[in-house]
Amino acid sequence: MDKLLQALLNGLLLGGFYGVMVLGFSIIWGVMGVINLAHGEFLMMGAYMAWALFRAFGLDPFASLVIVMPVMFIVGYLLQRLILNRVIERPHLMALLVTFGISISIANIYKVVYTASPRNVPVSYNGSVELFGLTFPIVKTLVFFVALSMMFILHLFLQRTRLGKSIRAAAQNKNAARIVGIEIDRVYAITAGICIALTGAAGAMLSPTQAIFPFMGAPFTLKAFTITALGGLGRIPGALLGGIILGMTEVLVATFVPGIGTNLGVAVSFVLLVVMLIVRPQGLLSGLRPMEEVE
Amino acid sequence: MNHSVELLRGEHVTKYFGGLAAVDGVDIVVRSGEIVGLIGPNGSGKTTLFNCLSRLLPIDNGRIVFKGHDITNARPYQVARMGLSRTFQVIRVYRKMTVLENMLISRQWRGETLWGMLKPSHPATERRARELLDFLKLSHLIDEYAGNLSGGQRRLLEIGMALMPDPDLVLLDEATSGVNPTLIEEIKDHIRELNREQGKAFLLIEHNINFIADLCERVYVLNYGKLLAHGTPQEIMENEAVIEAYFGA
Amino acid sequence: MNIWQRMASWRGLIGWLILVTLLALYPYTGLSGSQLFTLSQVFVLVTLASNWNLIGGMTGYVDFGHAVFFGIGAYTMGILVTPVEMAFSPHLTFWQALPFAGITAALFALVIGLPTLRLKGPYFSIAMLGTFVAMREIIRIAAPITGGGKGLDLPPVLDRISDYYFTLALMGFVVAFIWWIRRSEFGATLIAIREDEVGAEMRGINTTQHKIIAFVTAAFFTGLVGGFWAWQNTYIDPDVVFIESRTVEMVMMSMLGGLGTVWGPPLGAVVLYFMRDILWANLLDYHLISLGVLLIVLVLFMPEGILGTLGDRSSTSLLHLWRRERHPSPSNQDSGGNT
C-alpha cells in the first residue's frame, strides 16, 4: 500500500513537470497548427543553458530561469520569424519535416560543441524529506510547484491580458482575428517565444534530476505527443491531466514491473499514444478540442 | 425491366453529427431498372444519406440491404464490389492520373488475386475503358491529366469511373452542378440510355428540378434529415409541404 | 502494339538491368577494397530509399520510423549469428539467418501496421517515429538476448567482394521490383490510395489490404538490408543501429529524387551519398547538421524533388500528399471519431 501511495505521489510530481513540459508543444500546435518535432531539442537547450550557468557562476537551476526564459523566448521568436512562418497554413507534413530537420541540426550542433558525454547539475538540496510516511524528493517537489505556478500564470495571461486574448483568438479563427485587427504574424512570433521559453524552463528544471546530453530530447517530443493525445490541444488543464496520467502510468510501470520497468517509460508512452490515437482521437475529456480539428 | 426486384433498401437510416440528426429515420428503396430522385433544400441531409447508403459513414441506427445482403456493417470496398457505384458532390477524380488511368483504376476489383494484380491492366479492361470514354464523348481527352479537365468534363469522367465496374446501381451526387446546359442534356441522355439499354438503376441527388422531372419515376424529398414526401415527380411538385420547404411559407 | 512499342514499355527495366550488369563487371577492372565498400554503401542506400518510397512515396504514408525495420533485421541477424553465448544464440550462418532478418521485420510490420496504418497523415508519421524510439529502448532493455547497451559482436568476416555482389544483387532486385509494381495494377492502386484513399475504397479497392502489403514488403527488404548491415559491420548496439539519421536519410533520398517515382529515390540516394562524402568526408556530426539543414531547405524550396522538378508526373509533393486529408472522410465528418 505504501509502495502504491509512494508511486502515485511520484507519478503526480512527474505529471506536474510533464504538464509544463508539454505546454509549449501543445500551444504551438493549437495556435499555429505546427507539430514541433524539435520540441525535445529546445528542452535540451534549456537544460544545457542551466548546466552552463551552474558551472560558470554556480547559479541555481531555478534561479537561472530568469536568464533561460528570456533567452529561449528570443530563440522561439526568431524560430517563428525565420522558419515556422513559412510552413504555417501549409501541409502538416512540411512542418513535420522542417521541424525534424531543426531537431537533427540542433542535437548535432550541441554534440559538436559539448560532445556527447552526459552532464550533471549536482544541486546541494538533492535529497528528500519524509512527510506523512511518504518520501518527497525535494527537487521534484519544487519542480512540481514551480510548474503549477507557471501554468497558473500562463492561464491568467491567456485569459486576462489583451495579448493573451489575441493569442486565443488567433487559435480559434485566424481570419476573424485578422479582421478585428490582430497582427497575426506578431501574435504567432510571440506565442512561439512564450512556448519555447516554457520548454526551455522545463529543461532547466529537469537539469538537476537527469543527465544532460545532446540526444536527450527525442523521448520528450514523443511524450509531449502522447500527453497532447491524452489531454487535447492547447488547453492548460488538459496538459496537466495528460501529464499526470502519463507520469503515473510511467511510475507505476517502473514500480511494479520488476527489473526492466524503469526503462520502459518511452515504450509505455508510445503504447498510450497509439491506443489514444486509435480509440479516442479527441482526447480523454469530452469538450476538449480534438487534434483532428486543427488543420 | 422487372421493377419488382429490390436492389437497395435503407430502413430507418439514422446518422447523428454531434447530437444533431443529419439523417433521421429515413426509409428508402430503389428497385432494379429504376431511376429515382432524391431532392431537398441545402443541408437537408441528402449527401449524408448517400454517404450512409454507400457505407462511407457508419450509421447510428437502422439497416441497409443491397441485393438481399445486409451491408449495414460492410466495408465500402465490399459494397462497391457488390455492384453499387457512386459519384461525389465534390468531384473525386485522380488529378495526377490521365483520364484513361482514372478509368482503369476504377475497374471491377471483384475476386482479384494479388498475383493477378502484379500485372499491368488487362487489355479487356482497357477496351472497356475506351468504349465508355467513347460513349461519354471523352475519347479525345484520353491522355490528358484529369486535373486539366474542366468541371463538366470531370463530372463526366467521374460518371465513367462509376460505370467502369458495370454496377447495378449508380448513386449520382449532383451530377449536373457546375456543368453547362449542353452537357447537362448529354448527361441526361447518357443516363436514359444506360437505363434503357443496360437496365442500370440510378439514384440521383439533384437541384435541377427539370432534370429530375424528365428522368425519374419516383422522387424522395428530404428536409431536416427527415423524409418529407415520396411520389412521382408530378405529385411531388404539387405537394404543399414540399413547396413550403423549398420556398418558405 | 508493335514490337517496338512493346520494347519501349520495357525500356526502364532493360536499362536498369544493363546498368546492374555493368556494375557486376566493374570489379574486374581492379577496384580496391575501399572502392568496393563505397559502392556497396551506395547500393544499400539505393535499396533503402526504394523501399521507403514504396510506402512513403507511392502509398503516401510518410514513415518517420522506417529504420525500425532495418534495426529489427540487424538485431535478428546479430542474435542468430553471434558467437557470444547469450540467452538465445543458435549460432546460425549468414545465409541461414538472412531470411529471418527479413521475415521478422515483415511480421513486425504486420503487427504494427494494422493499428498505425489506420492513422492519417501526420499521426501515422508520429506513431512510426514513436515505434522507432520505443524499439530502441526495448532492445536496450532486452539485454539477455540483445546484449543491451553493450551491444553484440558478430563473427568478424571481411569479404568486400561478396558484400559488393550481395548488395548489388539486392539493389538490382528491389529496384526492378519497384519498377514492376509501379506499372502493375497493384502499383496503380497504391498511387490511388495516396491521391485519395476514400475514393479508392469507394471504388472497390481493399485499401487496408493494399497498404499492409506495401508496408510489409517494404519492411521485409529493409529488414534484409539491416541483417546484411549488421553482418558487414560485425558489431551492433542500439545507438548505431537505431540512429535517427537512417530514417531521415531514407525520407530525404526519396524526396530529393522525387517521391513516388521509380528512379527518383535511387538518384536521390546517389546524390546524397556523394554529397555527404564530398562535403564532409564522413565527419558524422557535421554531416548530420548539414542533413538537417538540407531537409529544411528541401522542404521549403524543392518539395517535388529532382524528377518532379524535371516534370515526372508520378512524382508528388508534400503539398499534394496533404490534400487528400481535406477530403471529407468518415473520420472528420463523424464527430464520434473512430479513425
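Every chain is named by a letter (A, B and C) in the order it is written, and numbering of its residues begins at 1.
Keep in mind that, in the parts below, contacts are C-beta pairs under 8 Å (C-beta built on N, C-alpha and C of every residue); 3 or more make two chains touch, one makes a residue touch a chain.
Just so it is clear, the structure is predicted and the values come from calculations on it, not from any experiment.
Under the contact definition, chain B and chain C share no contacting chain. Averaging Cα atoms per chain gives one point for each, and the point farthest from that of chain A is the centre of B. The mean-CA centres of chain B and chain C are about 40 angstrom from one another, to the nearest whole unit. Put simply, the C-alpha centre of chain A and that of chain C have 32 angstrom between them.
Note on chain placement: the centre of chain A and the centre of chain B lie 49 Å apart, centres being C-alpha means. By the touch criterion stated above, chain C contacts chain B in their complex at residues 180-181, 183-186, 188-189, 191-192, 195-196, 198-208, 213, 313-314, 316, 320, 327-328, 330, 333-336, 338. Within the complex formed with chain A, the chain C residues making contact are 62, 64, 115-116, 118-119, 121-123, 125-127, 129-131, 133-134, 137-138, 140-142, 244-245, 248, 251, 255, 285-286, 288-289, 291-296, 299-300, 303, 318-319, 321-323, 325-326, 331-332, 337, 339.
For chain B in complex with chain C, the touching residues are 16-18, 51, 54, 56-58, 75-77, 80-81, 85-86, 88, 90, 92, 94-97, 101, 104-106, 108-110, 114, 116-121, 145, 161, 165. Residues 35, 37, 83, 86-87, 90-94, 96-98, 100-109, 111-112, 218-219, 222, 225, 260, 263-267, 269-271, 273-274, 277-278, 280-282, 290-292, 295 of chain A are the ones that touch chain C when the two sit in their complex.
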